[in-house]
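Attaching a single structure in structure tokens format; questions to follow.
Chain lettering (A, B, C, D, E and F) follows the sequence in which the chains are written, and residue indices restart at 1 in each chain.
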Amino acid sequence: MRYALLVLAPPQATAVHRAAIGLCEAALDAGHALPRVFFSDAGTQVALDTAVPPGDEPSPREHWQALARQHGVELVACIGSAVRHGVLDSDEAARFERPAATLAEGFVLGGLGLLVEATAAADRALTFGGGAP
Amino acid sequence: MRYALLVLAPPQATAVHRAAIGLCEAALDAGHALPRVFFSDAGTQVALDTAVPPGDEPSPREHWQALARQHGVELVACIGSAVRHGVLDSDEAARFERPAATLAEGFVLGGLGLLVEATAAADRALTFGGGAP
Amino acid sequence: MKSTLLVMNRAPYAGTLARAGLDAALAYAAFDQPTSVLFAGPAVLQLAPAQEPAAIGRKSLRRLIDSMPLYDLEAVYADAGALARYGLAAADLPAFVTVLDPAAQRELQDRHEHLLSF
Amino acid sequence: MKSTLLVMNRAPYAGTLARAGLDAALAYAAFDQPTSVLFAGPAVLQLAPAQEPAAIGRKSLRRLIDSMPLYDLEAVYADAGALARYGLAAADLPAFVTVLDPAAQRELQDRHEHLLSF
Amino acid sequence: MALHTVNLLPGDDATEAALAQLRDGDAVLFHGEGAWHAAAPALDAWARTGATLHVLAADLAACGLTGRCDPRVAAVDSAGFLALTEQHATQRAWF
Amino acid sequence: MALHTVNLLPGDDATEAALAQLRDGDAVLFHGEGAWHAAAPALDAWARTGATLHVLAADLAACGLTGRCDPRVAAVDSAGFLALTEQHATQRAWF
């Protein structure tokens, strides 16, 4: 089957991100397709490159990046939400005259059409929200 | 009297920030002292310089900056919370090898001792939390 | 193409999730997907009349909801129990909104291939 | 110097506010302020035994709470009603925690010059 | 006497605990999501406590309730909020 | 048949609405803050609905409840979560 995910929880809701990442890994291991994960609202903060997770634990961001690297999953942060939350690629950083891009490697910014496209082609659409502050 | 404020709400909770800023302005207009506002947890995100508020409305960040400019209020973002939330001054950006600082003008990073000091010297201590996602 | 029900759960101005959900609903409609919207729990407050959030730095979500028919989005529903809890009457809602009891909400859900929650 | 009551309100791992509150309490104690802590509502779950949050990328808040006496922080209280709601028994809590009914919680509050909420 | 700032929706599960902490002479300020209390059935329980009830005018307007505010609740601006903090030595923030 | 993913604390005011949406053949997956249901009195109402009850093992461990999980709730790992999504065509996320 083909899966599409929508992630709304901020990265501080580590349990929600772990649950979503675990599901993605299980789905891919089982041979399902999972071409794209779409992050919206506070979920886009997981793509903020300047956030430094505490201690030695890998952060949700690093887990998502590993998933993208190993399985080619496209990680799209909703552009509207992302800029409100301070997540800028180099184009947006230039447009809003900020000194540097803050979008973490492995993520791209994109419009809501990419969410629509993902769920329209999917057999399963799943939302991950809640948690935090 | 002397006031001290602790702000925990993320900037997306615009109502909470407006309430806090309005109280600060009223207190200062009435002749009270309000030397410092301390931001912790998600509250530190208000100091994220790369966040672009939607449309033409001034953001909580800009209101806080105006308060600091006009009344000399010190705006301290808890350093531990700030780095988790991607708010780095130039020292922290260098320490964690990030390309640029993201701390907005008018804010400083500081330890919890500055919260303790502020409330210990105050007649009134007020917490502003809640809201969002 | 899949029929999609977007379930709204949040009060309008606590954060930005309510707005994100409405933007998503309008996007589904704009891309000509069969789209329905259910306002459940605190999200029924997004339907309240006369919202004037300029002083808290926001734009009226009710105004955005009122524009839904312009996107041919009129399959819009509200949770009866939540309306009662918050003291909202049917007359307060946009005319194109249908009020549903819990059983009818479940039937609505079961008529759609996908659900998204906000 | 002012006597300060820090009121914790959040479950341990929903976000980072619970941890921020504990860090603040330890800071007040470390700076030799007269400090008390009340775990209210969902925050009593921070007191639950045997927490092992490594698999969700977190450190045990119960372990942090267990260290409070090392900071001479032993004026630590828990909300009786919330403990019952979540199925926690007094025996589950650290030995230095005192369980309070609502009236005693208000007396506690009134004995302090400042309150901070997390 | 304490000031209770209430940023909870009507029916929030923290409400019961908050109500149990109210005393004669206390003041309640509904703000943020709490402003929805100004026209909700849940207001009755707050009115029975003996605390005075207030709501921040900007949040009341955001809710569209400026003209529908229950007469038991007084709308206040920032100066009114300040006065409440002057009159009450401590604040319990419910959120 | 639907999968209900529940990231709500026991007693959350959204619980009542969620319970009213459960049907025979549905499955519930408690996760995140929902994992506290595995040993809370509020579980009874969920058990009466006829839905099967599950909890994500990592969240159960975070709560310290691995050894105290109610026998009516089955702990599942990510593969178990995946199986629930395979068996149920739609997901209602409660958070």
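Following the convention adopted for this analysis, contacts are C-beta pairs under 8 Å (C-beta built on N, C-alpha and C of every residue); 3 or more make two chains touch, one makes a residue touch a chain.
Since the structure is predicted, the reported quantities are computational estimates derived from the model, not experimental observations.
*Asks:* Could you tell me the least number of steps, going only between chains that touch, from chain B to chain F?
*Replies:* 2
*Asks:* Same or different, please, for the chain A to chain B contact, judged on whether over half of the interface numbers appear on both copies.
*Replies:* same
*Asks:* Count the C-beta contact pairs for B-E and for A-D, then tell me which is higher.
*Replies:* Of B-E and A-D, it is B-E that has more C-beta pairs in contact.
*Asks:* Would you kindly tell me how far, in whole Å, the mean C-alpha position of chain F lies from that of chain A?
*Replies:* The answer is 24 Å.
*Asks:* Taking each chain's centre as the mean of its CA atoms, how far is chain A from chain B in angstrom?
*Replies:* 27
*Asks:* Give, as an integer number of Å, the spacing between the C-alpha centres of chain E and chain A.
*Replies:* Computed value for the inter-centroid distance: 38 Å.
*Asks:* Could you check chain F for residues that touch two or more other chains and list them?
*Replies:* Residues 9, 11, 13, 32-33, 58-59, 62, 89, 91, 93, 95 of chain F each touch two or more of the other chains.
*Asks:* What parts of chain D, by residue number, touch at least two of the other chains?
*Replies:* In chain D, 13-17, 55-56, 58, 114-115, 117 touch at least two other chains.
*Asks:* Any chance you could list the residues of chain A touching two or more other chains?
*Replies:* Touching at least two other chains: 8-10, 12-13, 15, 18, 41-42, 53, 80, 84, 125, 127, 129-133.
*Asks:* Among all the chains shown, which pairs meet the touch rule set out at the top?
*Replies:* Result of the pairwise touch check is A-B, A-C, A-D, A-F, B-C, B-D, B-E, C-E, C-F, D-E, D-F, E-F.
*Asks:* In the complex, go through chain A and note every residue touching chain D.
*Replies:* Listed in rising order, the residues of chain A that touch chain D are 10, 12-15, 18, 53, 55, 57-60, 130-133.
*Asks:* Please give the residue numbers of chain B that touch chain D in the complex, ascending.
*Replies:* 6, 8, 40-42, 78, 80-81, 84, 111-113, 115-117, 119-120, 122, 125, 127, 129
*Asks:* Contact residues on chain E for chain B in the complex?
*Replies:* 5, 7-8, 31-33, 56, 58-59, 62, 77-79, 81-82, 85-86, 89, 91, 93, 95
*Asks:* Across the complex, what residues on chain E touch chain C?
*Replies:* Residues in contact with chain C: 9-11, 32-33, 36, 39-42, 57-59, 61-67.
*Asks:* How about chain C: which of its residues touch chain A in the complex?
*Replies:* Going by the criterion above, the answer is residues 1-2, 4, 15-17, 20, 23-24, 27-28, 31, 33, 114-118.
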